[in-house]
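Submitted below is the structure of interest, expressed as structure tokens.
We just call them A, B, C, D, E and F in the order they show up, numbering each chain from 1.
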């Protein structure tokens, strides 16, 4: 089984953190490649950032779609490349947010999500509603710090903030499970869990194990309705590669 | 009052149809410019198409954001550039789908949407739920034809199909209002209305009049939470223009 | 285009405030008449008040239904005459609450409503749910003052209370847009907007511009199902005029 | 225990049918008076009809509010006098629609409502949603006949139509319980039940027994928030009696 | 009319409290027997406890199903024996939680439930959602005390805690009606009502009066779909009595 | 990693089918034991059956709770032992229905469930709503055959019926993914998938892989709120073993 994990932002240190977390949980039989595009924003914190990162991610999917059994989009949220990837490909495409929420629903009645920055709160609310599991969400809380601070000099201070918000989610909002709302938080789950005494779920590891589950059950993306094969159409003034998903 | 209507696909004949419909309803005091990007897909029928059209649309918004009082994204659906535009700009940004649905809610208890192709059905369901007005939607029906057929040789046959589906929506699904689910259907509302005896709403005209309403009331996009000003960040290997929305 | 704005209560000073706000935003081509019934409660703050105001409003609609292209019911809430008017007439009938909420949904993800008195909170909750847009509503807050205080000696003190509640809605409840929950607040939107730095929407101006949008698009009330033409029936011991909506 | 059952329309034959049904089920200790106003529409089939019937009903409530322990509004639907009565009075006020639906929820997972005319379908949908129990409603079906036909020459033919629609509700829509959607259907429940082999609930009898339950438990209308006591206000050019609910 | 009230836990003092409350409200014509199983947990505070109590309750239902016109399960919550009883029997089966909530919906827009222990909060949330009336629920609050403390030495202290939480529900959560979330609270409603000035509903009395209403209207459990007659099947190594509900 | 799969009914042939399906997908490192209780109903098709199977399953959980890293309840539905198990244990407890639905949500927008018998339809509707993912469910369809027919002489005829209903779900109801609604259908997924051309998910394999994912991520059941540790209490006339979950 070969998986490709795409970090849609251009920060290598995030990709490294993702790889460290992923390699810790993957089965010995699973081969995982981790990469990020070479152009685009350093972090993804709004829809504008998401859109800047889409074409570079799509290029990776087009180039490498024959090489892997599954694709993970390692950006916490409902990144539009997840849906586009499902339209383009037959292999499963898993986002790390979805993955963490589905696992959370198995081990608790309610979950809360801790995001880095404030504007992710709205994006995550929309995503949770779009996934159709809004009634399980106790709260979405933010540390009010930029995503990049997670890997900066003050990373331990940021970790304190995450712990503080997670604690409020548990004590005040009724959260039974905490989901870490950023790929850059990969690796924090163990420490937080022992501090909070509730399950803490990192999306990257959740996505890798969920992908192994799907592939282990030989479940691929449905090609009926929402993600049916793309029909051919003319594209104007764009590189020819972008027409190939219409045809394969 | 100066408005920019962006048709995100690259079909000039759609832009012309949009212009014809828009110019019919705009107030004499309103100046409207209609355009489409010079690169991208000829029609937008899936998320993959949407994403191909995003960067060209964003470039237009960046280039011309000082020239207009409001921006209309003339693609039926929850096109991601609508949200990105609200993040980037203070002026109102209106999508033609939203516009048609909000007007429909004033003149009937329920609406149905008639789309061209089948896969738009799922996209529109997601959009209606994301707008938070799912309970007013009686049905979403499709003519099962490609969008481009609307302007092809068989356009009158396609019009028959739209009428047939709209009639079923009224008679079988309980629709009180019909919304035309494609910018390329602009101009059909009058004929369908006289055949169906219910209000038929074209998104392009709805969006122009709704924009005049917003600007007439001096209502701009909220810059709290969801669409708060974009904070600066590094962008790697992309043209410098894409950093400007972070700063202005 | 000729519009009739009916203030359903009997306070002339409210009608004047409504007229001042409306005339500021209406298009030069639009002719607007503002009036209130000559009998009924001085303010409308409960369903009992609403019902006392219905017959006088219905008389106005029957008397003048041939004179106007659209009718605005300038009472914030889901006043039953809005629905009755849609049953009686083919012209659009717009309530100021609906109008403000639909515009709010275009410029923010969430809105809050500030009401005068406490019992409006429940009425507005029911109305928002009835409109089917409850998921966009961040909160409904009240200044706990009678409606008539808005035009009394302490009106500036009341304005302070409105500002205070609106500020809490923005800072504590996550509101991105503020809707003014009383026709008598018409005219306050500008001052509050500059204090709060978020869009503030007055229902009267929203309704006039939305009505211009509907009429500009030639959209009338659907006569299918909910608002289908009234069928004739016998009425006992009531003035003959009340049978005329059955027949016209 | 003394109850007043108000039939809000002016058809004596409906009041008689209601009385016959009610007297069959009331406890021996319960004294019930049945009446209808002397002016207003002969049947209530739209919001316009409802509003014509409000003032006559309110007059009855004001005149007789000291004489009874509870008030039943015997019009199937969310008649606005139910809410106004709760605002005006401390005694319980029960509508026959609500009563039938709450009993239905105890003996089946789902219910369907059979209405006389088509436009009640929309009104009942709104009512079911307003009551907050929409998820229990399998369907709302109509016999497409005027309410008054229930007591006309063809009443047995109408009964056949009700049976036919109820059967479809059970076989096609998944209804486990049938609710009779008109006060004028009082008395049909027994015959339909034996034909359909599912519970058939008549709103009039349900309301009388539910009222006995409330009064037996000494439960009165809450005077917090929604139905808090009416505060005094000036009323212009209306009979003085209409100010009395503000004060008592 | 003969009713059986089953207290599913094994605490006689609860059964006595239930009997005292029930006998106060039952009609003179109604004969009520109160009992509890002779084995099982002393109180029911989690699903594990519920399951331990099921077989003893089922045995009672099987043994005595011919003796009564209706069965009340006097455990606050969605105890699984309520559903099983409806599957097994044609007579109505009423749970005290449902009963209290349905009556609450008639006399207020919103209700809150006061539970003894914390974990009931989650169970009651699930139950309210399962009943399909979640939108009427203002809050569920807990006194954080074990159920058995209600009948212990400190029962008056527990009553203070209930009053304190109920007061917060009214003042902070917007509750218009209070429902007592434990059979063991039977009898407290009168005192709390006079302290709180809102309706306070005890589930035991609500269930008895609601059952009298159902039986008075000759409404039994629907045998379509959810509660259709049990089909015969082999049972391995269980007493023969458990096969009898399949056959009768 | 050691897993225990409990088939709560007493049909060995079902346990064998479950084992065959499970062993096909489990990782080589995972050790799985499959068993069923020695007393109880031969199949589980209603809540009454569920309750008969609870005590035998609870005995297994108590006896063997130290031996395994996770427990799978192999009965399609929201079997009450799933919740009780989560209350009793720290290890994850997974039901096969939940497992199949969560995987389905990753590879399609909508799923349909095919049940054996009719009454499961209502039980599955309740379960899907309880899981909080009702909006993703396109339909629940039944083959109207007893569960035991799946392993009887006519099993290939039953398979045809499943295929026929699944096809209708795809073509008429908009299902993008099919979930097999019975543990006894384990093993059919491959054949149905090649006939239907959409993903077909068997709950047993889904649960085993999902459990491997949870344990691989070191995620256990949350012990906050819903599933917090059981507090000690007296149990009357039941075997002493049933008190042990209170204490451990």
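Before moving on, here are some points about what is shown:
The criterion applied here is as follows: a contact is a pair of C-beta atoms (placed from the backbone, for glycine too) under 8 Å apart; a residue touches a chain by one contact, two chains touch by 3 or more.
Note that this is a predicted model, so its numbers are computed, not measured.
Rotation angle relating chain A to chain E: 120°, from a CA superposition, given to the nearest 5.
In this assembly, F is the chain whose CA centroid lies farthest from the centroid of chain C. Once the centre of each chain is set as its mean CA position, chain B and chain E turn out to be 53 Å apart. Centre-to-centre spacing of chain B and chain C amounts to 28 Å, using the average Cα coordinate of each chain. Residue positions of chain E touching 2 or more other chains: 109, 122, 126, 129, 135, 225-226. Chain C makes touch with chain B in their complex at residues 25, 27, 29, 86, 92, 94, 98-99, 102-103, 105-110, 131-136, 170, 174-177, 189-190, 197-199, 201-202, 205-206, 209-210, 212-214, 216-227. Those residues of chain D lying in contact with chain C across their complex are 10, 38-43, 45-52, 54-55, 58, 80-81, 83-84, 87-88, 118-119, 121-123, 126, 129-130, 146, 148, 225-226, 228, 230-231, 233-238, 242, 245.
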